[in-house]
Structure formats: structure tokens, C-alpha cells
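The two complexes that follow have chain A in common; it is paired with chain B in the first and with chain C in the second.
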Partner chain A sequence: MKLKIEFGGGLELLFLNQRTHLIVIPSTVPQGDKNGQPGQPVDINFLVHWLKDNLLKERPELFIENGTVRPGILVLVNDTDWELEGEGGYQLKEDDEIVFISTLHGG
Partner chain B sequence: MSEFCGNPAAETGEALMPTKPKFDRTRTCVKCKTNSGNLVIRHSVYCRDCFTPLITTKFRQALEPHINHVSTGPRRGALKPSGGLLVAFSGGMGSSVLLDLVHRIYCANVGSDELKGGREHPRRSRVWKRIHVCYVKTSDVFPEINDQTAQIREAVARYEGCEFIPVRVQDAFDRSWWERVSGDAASSSAEIPVDLNDGDSEPIAALKAHLRALPTPTATQSTLSTLTRLLLLYTAHSIGASHLVLGTSLTSLSISLISSISQGGGFVVPQAIQEEWISPFVKRTPETTSWSGEVRLIRPLREVSLKECTAWVWWHQLSVVGKQRVPISERTIGSLTKDFIIGLERDYPSTVSTITKTVGKLAPKGKSGMRCVLCELPTQQSVQGWKARTSIHSFADAPSPADVATSLPIYLCYSCQTTLTSKSSRSTTSLNSGSLSTTSAPDAMDLPTWAAARLAFGVGIGEEQSATTSTSTNETRESRQSLIKSLVGEFLLDH
Partner chain C sequence: MAPKSCALCQNAKAILRRPKTGQQICKDCFFRVFETEVHNTITEAQLFKPGDRVAIGASGGKDSTVLAYVMKTLNERYQYGLSLFLLSIDEGITGYRDNSLETVKRNQQQYDMPLKILSYDELYGWTMDRVVSTIGKKNNCTFCGVFRRQALDRGAASLCVDHIVTGHNADDIAETVLMNIMRGDIARLGRCTAICTQGEDTIRRSKPFKYAYEKEIVMYAYFKKLDYFSTECIYSPDAYRGHARAFLKDLEAARPSAIIDIIHSGEAFEVKDEVRATQKTQQTCKRCGYMSSNDLCKACSLLEGLERGMSTAAISDKGRRKLEAEGPAPNNLRTIPYFRPPTTVTIEVPAASQ
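Moving on to the complex of A and B:
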């Protein structure tokens, strides 16, 4: 499954200093993957772990906390607040655009 | 999950409480009731179209009633500020949104068709004749962080009509900066001494020494924010600004209110939200009603959460330079409070705005007549008490340094006393290791130029007080300066 991932608010610094990433991930949780129920459709929590394992280069604690996105990061799913879409449990679809923006850049 | 050392309480809470939606009823925008929503703001759903006017309105409601010298209240008449506008700009999220809104509302749309005519959009003339943007850089003092002045200058240059003023945090200890901001007022009236710091001590060295003498990382953090605030206020005064705006968001305001209260700043809660600052060079009598150079410090984003700021940045495609973190310990009251509030805002979004609303209603007891020499905020000390102990009419009357040392707290607010003397493992260690010897301590406490000036001559300490220094001779001034230096040193050694 193809996805477009964007990082903002300084988060891109953790991801090769690149704002936009076009990625391909499995559409169901692979066998033996402990980031979800194998065989189930993948959700944002799965994506977050996938990004940590495959793209994140440093300081995972700035991106992920208690198994999901750290507080202080705004997540948009196709331009809509992920709180309207079921947060970490949102089931990803082909060509979804997921944006992660850190709010922690201060005043 | 086990590899993360998160907050154990939060982890348990996560496990026990099923995730429930963070929005009320439907996904439709509460404003237009037509579009499907894009953002949840404290349980309410807004679409992208309604989001922009929502933020613009919050911003204007927080700022515009305070633009005229005499408040016009919520019902606006013509907006006529007494002086210019200074925008504080750190490069961070909040101030990036602030600058964008200031420019959008007061520069870009002035005279545009969109805002001409009609009852909804009365014709507006330019509200601010001059808009300056001030950046206080800290990179000279902390080699670990990069100098971002060039990127900041570039970011400001994108906004036409805004003039850039870079300031360095060590300017607080710089005699030539003090001469620039105090200008004619100082040289013509009070001959304010600026050489309390040893003449040859570089401002950076003086600031570093000041920071080294502080007992805790929390004290360092609050000192840096006090220095920044005063540098901005004096800069505002020096360019004839009547208003200084800061990009403090609702989230940041909650963080600073809570951490300030826990550091003894409860008396100045109202000033943490909004502040009327009078430069020591301003001569005012109780009868003065017109603007005479005061600076009104306003936080127009105080009702806008960081989440809303972030959405603004994203949807309006602002590029945020980013505020660099000063390399001091993460275990300060400020950063612990920040983690707490940020987590709270995600899980219980209404609670954070309740904090600022509740705290904002606190009215401190007692009337204040004087200001702290370090942070220039009102203190609880009585003017009489201060005067009784500090009316030095000639050097012969001056108390011995020992006497004065015991009275230093009277010049300082409770919060600054705490900042200078709070106990910590670090201060014990440094005392034990002998790095703060009896002879080196006084030099370790160079003071910011404004504090030195106020201490030496009592300039502007009482609000209605004017400088009474015309009779001072150089000789007594030098004596007083050495007196103050030893006084500060003894005060620190006593604690």
C-alpha cells in the first residue's frame, strides 16, 4: 500500500531532514510482527512503529511514547485531525496522506 | 512498549480507559454546520474554512480592546495606539503565528477591497505606523546552539513593512546597549551609572558569571526568560513603541503560570497575562493620564492553543525557523510542567484552558508600590519599608555593607530571591568544592544594567518616584557601586 507521509514543525529533522516521504507498507500486519495482530488491516499505530523502525534516524522518544504518537504532535489524515478519524486505530487506505507536525517548537 | 520509560500513571490510564472520541456529537463543523470538520478544538469541530476566521477573531479580541491608551472595551471604536508596535519573535511556533497574524491584519489587508466598506468590515486605516520585530539571540552564551539570526532575519523579511531588530541576551550586561536604550533620558537627567560591572568585563563573561552563580537549572531558565522580557521591554521603549506583543499560546501560558507560581511568582499572576511596564526614564505623576512612554505587554494568542497554532502554520504554509532549546537540564520546573501540560492537553483538552481562566482570576492581596530591581515586576514590599532602609542622602549616611547585605531582599521580589538562592544539590556541591570562595562570590554576581542602575540611584523603583540623583558626585557614586557589589556578594554567601 502506497502512502504519502509529511513531517513538519521540526519533526523532519528526525527523518533524514526530509519533509515528504513516499512509502510502501504492507496492507495487513505481517506474520511475526509484534506491532499489531498479524493478518489485520494496518492502522496508524502500526504505521508509527513502521516509521520508527524504517525511517527514524534518531531520538525515537521525540516521536513515539507509550506505543503511539507522542503528545504535542498534531496528526492529520488527509487534511483532517486524526481525532476525528479514530486516532491510532484509523485503518489506512491506499494513497492516504498522513501528516505529523510537532507543536513543541515553543513560543 | 516496555522499552519506553513513559509516565507509569499514563500507561495504566491508557490501558484502563477505552479511547473515546475527543469531539462532541457529529463530525460536522459547529460554525457553518455544513462542511465536514477538519480540526477538533477543545471538543468542538471546525472545518478548515471556519478555522481561519476563528483564530483571527480570538487574536483581535485579545489585542484590540487594549490598543488605545484608554481601553475601549469590547465595543471597538477607532484604533489609535499611542506609539509603535514591537513584535517579539523567537522563531518558534507561537511567534511565527503571531507575526503572520499581525501582518495579515494590520499590514497586508489595509486598504484592500476585502476590508473596505460595509458594516461587517468598516474601512480601516493603518493601525500601526511602524511595526518592528525583535529577536533575542542566546547563541553567544551557549556554544552548543547555532546562531539562527540569519534565518530569523530572512523569515521576518518575508513580511513587508516589518523592520527587524536583533538583540543579544548578553546585551543585558552591556553598557553600550544600555546607553542606546536609555538614550537622552538617561544622559540628560540622571547620569545613570552603567559601570557597576567592571569596566573591562565583557558582557558575555558577565552574563556567564551571573548564570554560573545561580543555584539550579530552574533558576537559569527563569533568569533567561526574565532577561529576555526586559530586553524586549527596553527595546520597545527605545523605539517609541506603546505595545509589545508576545506569541505566548494558551498552552505556553498555562505552563508559565504554573511554573511561575511554583517558583514564588504568585503575586504577579496578572502580569504573566498582561503587563503595563513603565521605564525608569518616564517621569509620571499620579495625575498623568496621557501616554508617556509606557509599554503595554500583551499576549494576543493567550486563547489559542499550540494545536491551533500548529494547524495555522500548516494550513497557511508558514515556514517555522524553530526555537532552539537552551542546553540546560531537562529537569527544570518549567520543562516538567511542560510535559505535564502537553499530556494534559491531549487527554483532557478543556482542562488547560480552565487552568489559565482560573489562575487569571486570582487577584493578589496587598497593593504594590514598588518594583523588583531585577525583573521590574511589582513586589509585595511596601514603599515605606524600602524607603526607610535605603534613603542614602550622602555617603556618610550609608549603612555598612553588612547592614545592607541583610536588606538586599527588600530590593527583590520573592520570586527573584528564590531564583538567586534556592537550595539544590548543585549549589551545595559547588560550595563544598570551594569554587565559590568568599572572595570570588561578589564578582560572580554581576547584575543586569537596569538592576545596577536602579540599585545605585533608586531610579524608578517606586512608580511615582522620579530620579533624585542630581546632587550625586562621582565619588559617592563609586562608593555606592562598590557597596552594592559587596552587598550582593554577602547576600549570596549568607544563603
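Moving on to the complex of A and C:
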């Protein structure tokens, strides 16, 4: 499944200093993958682990904490606050745009 | 999940859950309530009067960028009658502040506001790069904080403004409340929730975003596509604040009202007169004329330490005594130009013309 991922608020620094990434991930959790029930459709929690394993270059503790994004990181699903979409349990669809923005940098 | 409609207009698709209220609202209602709440904060605290010259402390980061945009918007919408300026302090941190100042320069164009940049190098003769290469990464935030506070006042004085507004948001204030409790700094605890502070001869400073959640500021910047800079300072961050911040974010995740609740707790503390009395009385610095609680202001003290090669000595009272024991300051010592607060022109309006 194709997804568009965007990082902002300084998070892009952990991901090759690149804001936008077009990625392809499995549409169901692969056999033997510990980040979900194998065979189930993938959700944002799966994506967060996938990003950590495949795209994140440094300091994973600034992105992921207790199995989900670190508190203080805002997540938008197709430009809507993920809190309205079921947060980590949101089931991803083809061509979804997921934005991660850190709020933790000075202003 | 079916898209939810906005709790306010019942019409458009909700795009955000407000941390303060839990309401799910659409983009247009979000812009409106965010701006209106800042307007209410400003009017209830009577922060400005028509004709005021107001400097926005601008770092290029999210808070001050949103503040500049919202101040411009409200000033036009509600006819505050303010002259707005951008005021930036260049600490001299290569790879950090130089980049963020580029953002402020773009903001100057985008918002059509005059910009004043004052550098530590110009004012103190030291950049933070040079301070850190001299003293290392321990205590450098002390230097930077003391220098910035005074630089903002001096920059504001040179613009002849009546007022400085800063982008401190609700999360910042809640963090400061927690830090003051954890440090037992009760005198500061009593002051840190004030929306507006003013000493006798200092320029008023206030925080129009006192009740604005960081989440909403970042969402506002995102949906308005505002141009801001976000990188951590390359020198060691304030570790203590970092812990308070992480703790607060954990609390917020469990209960979003935690931030506003902590501010209310801070406001409700009543500081006993005995505690308040331990604060030293304010005077002016004998060397540079800036407000001070000792003969020398903190910036002059720190600068003298740097100039005399005893940089860390000036951080504590004990260190200061050691420095004084070394003899008086040499005559050719680099000092800060004498501070003259802006001459406030009070125009008495004759009764007849009112």
C-alpha cells in the first residue's frame, strides 16, 4: 500500500532531513511481525514501528515511546487530528497522507 | 469511522479535538475560536491601549511566528491601533540562530512589519559560540538567558516601544510552575503566572498566548501554512526544563486539561509577605544602568567574568566574591553601553478635547 508521509517541527531531522517521503508498506501485518496481529490490516501503530525500522536514522527515543509516538508529537491523518480517527488504531488506506509534527522545539 | 461534524457550526467536517474542551471542531471554527480566545485574553487583561508601540519578541520558531501573525490579524480586525515591530536577538550561534533569523526576515516581508535585530556580539562583544568555546557547555544557558533578557529590553528601548510581547504559551507557563515548585522557588512561583510583568523602569512584557495550548499553536501554524523554523539549540538544552516538559506531556496525554489546571494552581497560590520580602529590592546597575538587585547587574557580572578569564566565577555569589578578591575591574574592561529606558512621552489630553 502506498502512503505519503510528512515530518515537521524538527522531526524531519531524524529522517534524513527530508520532510516528505513516499513509501510502500504491506497492507496486512506480515507473518512473524511482532508489531501487530499477522494477517490483520495495518494501522498507525504498525506504521510507527515500520518507520522506526525502515526510515528512522537516529535517536528513536525522540520518535517512539511505549509502542506509539512520543507524547508531544501531533499526528494528522489526511489533514485531520488523529485523535478524531482512532489514534494508533486507525486502519490505513491506500494513498493516505500521514503527517507527524513535533511540538517539542522552542519557539 | 464516519467523519464527525463540527461541534460549533454543526456543518463542516471536524479536523481537530481541542485539548482544552474536548470539542471536535472544523478548520474555520478552529481559526475563529483560537483568535477570539487570544483577543479575549488581551482585552480582559487590558494589555494595550490605542497608539501603543509593541515589539514582538521573534525567534523564528513556532510560537513567535504564530504570535506575529495573530497580533497582526487582531490589530486589524479589532482596530487595536498598535504599531507592531519584530524584535530578534542574535545570540551568535552558527547553524542555529543564523538559520532562524532567515525565517524572521521572511516574516518581516510576509507580515510587513519593521524588524530590529540586536546581537550579543554588538551589545556584549561576545557571541554564544565564543562563550561556549571559552566556558564549555555547562552553564552556557545561564549566560544566554541573562544576556537575552537584557538584550530584549535594550532592543525594545532602541525601538522606543511601550511593550514587548512574547510567544510563551500555556505549556511553557505550566512547565515553569512545575519547575518553580520542584526547586522551591516560591517567590518566582508567585510571579510566573502573571500575564504582564513590569518593574519600575522596565518595559512592560506580556504573554498573549498564556492560555493557548502548544498543540493548538502548532496546528494553527500547520493549517495556516505559516513559515517557521524548528531546530533544537545546538548547545546543551535546559535539562531540568526538559524533564518538566516530558512529564507535562505525559500528564497531558492522560488528561488534556492538566496544562490549564496547573496554571490555575499556580495562579491560586498565595505567597506570604515574609516569602515575598526575601526578594531583594530593585536598584540600577552601577556600571550599565540596567535594573539589578545588586550593585552590578547579572549581565555586567557575567561579562566581567568572561573578560577577566574567570567566567564561571560570576554565576554564584561565592564566585562573585572570589572575583572581587582578585582586585577591582580593570579600567579598560569591556562593558555594556549605559542603558536608557525609552523616554515615555505622556501626552496629557486636555479635558476639553475629550
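Note that in this section the second predicted complex is superposed on the first by the 106 of 107 C-alpha atoms of A that agree within 3 Å, B and C clash if a C-alpha of one lies under 4 Å from a C-alpha of the other, contacts with A are read in each partner's own complex, and residues count from 1 in each chain.
In the analysis below, a contact is a pair of C-beta atoms (placed from the backbone, for glycine too) under 8 Å apart; a residue touches a chain by one contact, two chains touch by 3 or more.
Predicted model only: the values in this text are computed from it and were never measured.
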Which of chain B and chain C A:T80 touches, first, second, both or neither: both
Partner chain(s) touched by A:G9 [first = chain B, second = chain C, both, neither]: both
Which of chain B and chain C A:L55 touches, first, second, both or neither: neither
Which superposed partner A:G89 touches (first chain B, second chain C, both, neither): first
Chain B versus chain C as contact partner of A:G67, first or second or both or neither: first
First (chain B), second (chain C), both or neither touched by A:M1: neither
Chain B versus chain C as contact partner of A:I25, first or second or both or neither: neither
Shared contact residues on chain A - chain B and chain C: 8-10, 71-72, 74, 76, 79-81, 83-84, 99, 101-107
Contact footprint of chain C on chain A as seen in their complex: 8-10, 13, 70-72, 74, 76, 79-81, 83-86, 99, 101-107
Touching residues on chain B, where the partner in the complex is chain A: 1, 4, 6-7, 10-11, 14, 19, 21-23, 27, 36-40, 45, 48, 90, 92-95, 246-249, 251-252, 306-307, 309-311, 313-314, 320, 322-323, 342-343, 345-347
Chain B contact footprint on chain A (complex, rising order): 8-10, 61, 64-67, 71-72, 74, 76, 79-81, 83-84, 87-89, 99, 101-107
Chain A-touching residues of chain C, taken from the complex the two chains share: 1, 3-4, 13-17, 24, 59, 61-66, 167, 169, 171, 214-215, 217-219, 222-223, 228, 230-233, 245-246, 249-250, 252-253
